[in-house]
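Shown below is the structure under consideration.
Going by the order they are written in, the chains are A, B, C and D; count residues from 1 in each one.
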Amino acid sequence: MNKLTILIHCSDQSGIIASVTNFIATNKGNIVYIDQYVDREQNIFFMRLESEFESATFKTEAFKHTFKQDLADRFKMKWRIYSTETKPKMALFVSKYDHCLYDILGRYNSGELEVDIPFIISNHSTLKPIADSFNIPFYHIPVTKETKAQAEDQQLELCKKHGINFIVLARYMQIVSSKIISQYPNKVINIHHSFLPAFVGAKPYHSAYKRGVKIIGATSHYVTEALDAGPIIEQDVARVSHTHAIADLIAKGRDLEKIVLANAIKLHIKRKVMVFNNKTVIFS
Amino acid sequence: MNKLTILIHCSDQSGIIASVTNFIATNKGNIVYIDQYVDREQNIFFMRLESEFESATFKTEAFKHTFKQDLADRFKMKWRIYSTETKPKMALFVSKYDHCLYDILGRYNSGELEVDIPFIISNHSTLKPIADSFNIPFYHIPVTKETKAQAEDQQLELCKKHGINFIVLARYMQIVSSKIISQYPNKVINIHHSFLPAFVGAKPYHSAYKRGVKIIGATSHYVTEALDAGPIIEQDVARVSHTHAIADLIAKGRDLEKIVLANAIKLHIKRKVMVFNNKTVIFS
Amino acid sequence: MNKLTILIHCSDQSGIIASVTNFIATNKGNIVYIDQYVDREQNIFFMRLESEFESATFKTEAFKHTFKQDLADRFKMKWRIYSTETKPKMALFVSKYDHCLYDILGRYNSGELEVDIPFIISNHSTLKPIADSFNIPFYHIPVTKETKAQAEDQQLELCKKHGINFIVLARYMQIVSSKIISQYPNKVINIHHSFLPAFVGAKPYHSAYKRGVKIIGATSHYVTEALDAGPIIEQDVARVSHTHAIADLIAKGRDLEKIVLANAIKLHIKRKVMVFNNKTVIFS
Amino acid sequence: MNKLTILIHCSDQSGIIASVTNFIATNKGNIVYIDQYVDREQNIFFMRLESEFESATFKTEAFKHTFKQDLADRFKMKWRIYSTETKPKMALFVSKYDHCLYDILGRYNSGELEVDIPFIISNHSTLKPIADSFNIPFYHIPVTKETKAQAEDQQLELCKKHGINFIVLARYMQIVSSKIISQYPNKVINIHHSFLPAFVGAKPYHSAYKRGVKIIGATSHYVTEALDAGPIIEQDVARVSHTHAIADLIAKGRDLEKIVLANAIKLHIKRKVMVFNNKTVIFS
């Protein structure tokens, strides 16, 4: 059986839902899930469908072709159609912190993340033993101011070679340049260790400590060229008090970072995230 | 313009979504929101639609008639169609605690709750001054073991006279009998001051204290004949510690009760709650 | 019986705790609660004690005198001693929003807040009926750019006349100037409708909406001359999604604002907040 | 320098705090932290002190001796004195689930848990590779109804041989009998996958699904002979909805279980938990 996930957005107009659901029915598909949302401020229509096509003669490419002709062009839709059978390929970028790496690989190992991880890239060799223990190829690509452009070329080459669909920065402590972002728009997921937009940039736990906040947070977002300002996918928070020294905030924050990043990855893998105007629509 | 909210549930079958959305389109309606869910365990399909019908000749009753003939009978649907223009009428039952009453009336006054409150009923006269200050008729109907049946008759009579659509027990400290429940199935909303199913029955804060839990909760549910066992609409929790005496749990709990009950009322008013098999499907 | 709450902070030194507890014992007091904290970054010692003195001849003023001589001067302490019998006097400043006002007066009425509220001040007359229904004097003092200085004189005069100990800005939509702050240092409590330091200033819900955050918050803090930058007393958050329009954020935020402000007031009333270096130490 | 953590509880009496702090001062110790709590219902006094003794001639054993004579006997205290230099030894019991094991070993590896883990025991061999990758000895001790008594003898023998101080059941799917509990009273930490006291026993996620709760939880507690009824150390919760199938509850629950168990272990290691009357006092 063919299972497709269809993502659509376009200007809000009368009759879109009926047209799309009709189209699925005409193509002998069954709609398993339908999610829809209209941004009234911007007048944008968003839709996500999971559909099953049982016919033995069903061809995804042909379906896409008709979808474009009969629907997408008519409503001026931006659209994507994914086959749910193909696992997306995810590249992991890390530096020296191991908590997010352990967490992701633990979930990967237990089958919680339906994804392939062809390799791990790091600007340090520190975490190689962890990659080894999970039998995942580890590429140590050092980054200095001088070698950055070249390092990113190497990174991109690996990504292309392995057909990488999206990149996860699991506490990767380098700024990723537009060279990579432009190849993977809304496909580079970062975890920032603060409740954005509070405490943008380096050392957010130090800033949180200094400001005396009573709650800290972590934010997973798609990377854009504006630092820590990309579309937010997921956030979570934890209560702290004056008794927490900076080291305690960092330790508490690690738990937030792990969970928030894992949730963001899961939403991305299931194609539940749509991006528009630097914000996300999340069909969860 | 006519705005309708349509709630449907039935056995899951191929083609329901397309049929319904088609039907709306055929009747010159525009779908504003569509929410849908399939309970895979029980194979039940749930759907909620908000639709607008601009035609000057549109008649809700005629639409309902055709809906039944063309769709509901075919798919063996349970269905309800509400006009969003008519505000539901809500009866408030209280006893001596005032926090939920203040909270609801405050929200009502500020326009947050799109509902009419024709009257407040209480088995005590304690809260009459609050009802007075909000200019809402207050009926003092004492309840004793002997007079309970008679008191419920009086309550029901008031409800009928005012066309009450649903009843909110805002810390009403009497068990409501099947006489009322059968007239208002899944339409009597209670707030229980614990995280159900923990601490059913009286004095849940005392039980929570004795057990030494680190988190307390509140639960809003539809009243059924089984005590505190009806379908859960909303729950929330708050962290506590050994330093909280019972009085502190009660005070903290009041804040939970207010918010949880208000949220449940709002979901009910917006027809976002569907009940099946003693559980709720909430389209939020 | 005399019950005192003692607050102390000073440079951290050996022997403070033993000296203080000894001093209480020598004065025939019994320590009911002791809380203590050392800020290791700044090397500051903080302490809060609740003590009971049963002796019929105990005189608070004499105790304070000896405390200063024997302890405070020796350790160079900043200290305050409160008799727990005297209820603090709280002035309420409001504008047009009623949710925090209702909430505070509801708690006040039910005895949850051990405080006196001699009056309510507003720059609008909108909320007078609420003040009336709770039988609390209401002073309408309009504020324009031109009359601001004069209005604050009136406000201060009322505060002095009634022996006000602290001021609560319950969604008072005017900036309070240094004229008032200097008279009530760390004694003017504000509720800001965002998770500070994110979204300082006006219209934070609009900014939160624009940024696409997945969690909103509210922050109660002492007012200082730097806008929304004073010591944070309490914060709380609520989860939101893309489906929440600005009006929904505002409605959800109201619930946060009420609870956060009420909690901050309770901490202040119980003298559980100490301020140092623009941060709070909260002994809860 | 000698650092001691002192835990005390006894009937509440006048003068305990002054006597204890005096005693520390007389022994040339400096109090680093003092935490104290009185259970007014039961009239029990609890205290936790961290003290430093700089003297070169300080002897912990002699100090304990004097403490008993001068203080503990006089106030009829239950007391424990720990040297903070000695790392406690923790035994890990697991079955087939790996998420808590990965989490604990990841934290252990990164230095977050100040503990020694001499070995891992399991009734299955499934998780041996994980133990191997962290270089921790793994003992496979199968348990059947017939061999249970014998298996527990083996477990206890290993614990004694390695001087185990406390046992962590990291989703160990066997009931631990009184044979082990009596040797490790309030020293066997379990993680239960529900918000206790709701859903005691097996398959709590199935029960939570059936009841239609809107929030699920996890609870870490000391094991007593009453199933899932021991003193609660830590709890946490997560919001769920009707869209979560049982498998989703289980996946969400795993994240709760990891965090809750890790927090309970950290509190235990830092000697911040006192148990009285089947409840915990937690000085955090």
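Just so we're on the same page, a contact is a pair of C-beta atoms (placed from the backbone, for glycine too) under 8 Å apart; a residue touches a chain by one contact, two chains touch by 3 or more.
This is a predicted model, so every value here is computed, not measured.
> Touching both chain A and chain C, which chains are there?
B, D
> More contacting C-beta pairs: A-B or B-D?
B-D
> Between 0 and 180 degrees and rounded to the nearest 5, what angle rotates chain C's CA atoms onto those of chain D?
180
> Can you check how far apart chain A and chain B are, centre to centre, with Cα atoms defining each centre and the answer in Å?
37
> In whole angstrom, how far does the Cα centroid of chain B sit from the Cα centroid of chain D?
The answer is 42 Å.
> Identify all positions of chain C at which a residue touches two or more other chains, and write them in rising order.
243, 284
> Given the complex with chain D, which residues does chain A contribute to the contact?
Residue positions touching the partner: 98-99, 102-103, 106, 109-110, 112, 133, 243, 251, 254-255, 259, 262, 284.
> Which bits of chain B are touching chain A when the two form their complex?
14-15, 17-18, 21-22, 24-25, 30-36, 38, 239
> Show me the residue ranges of chain C that touch chain A in the complex, using the header's touch definition.
So the residues of chain C touching chain A come out as 37, 39-41, 195-199, 211-215, 217, 231-237, 241-243, 245, 278-282, 284.
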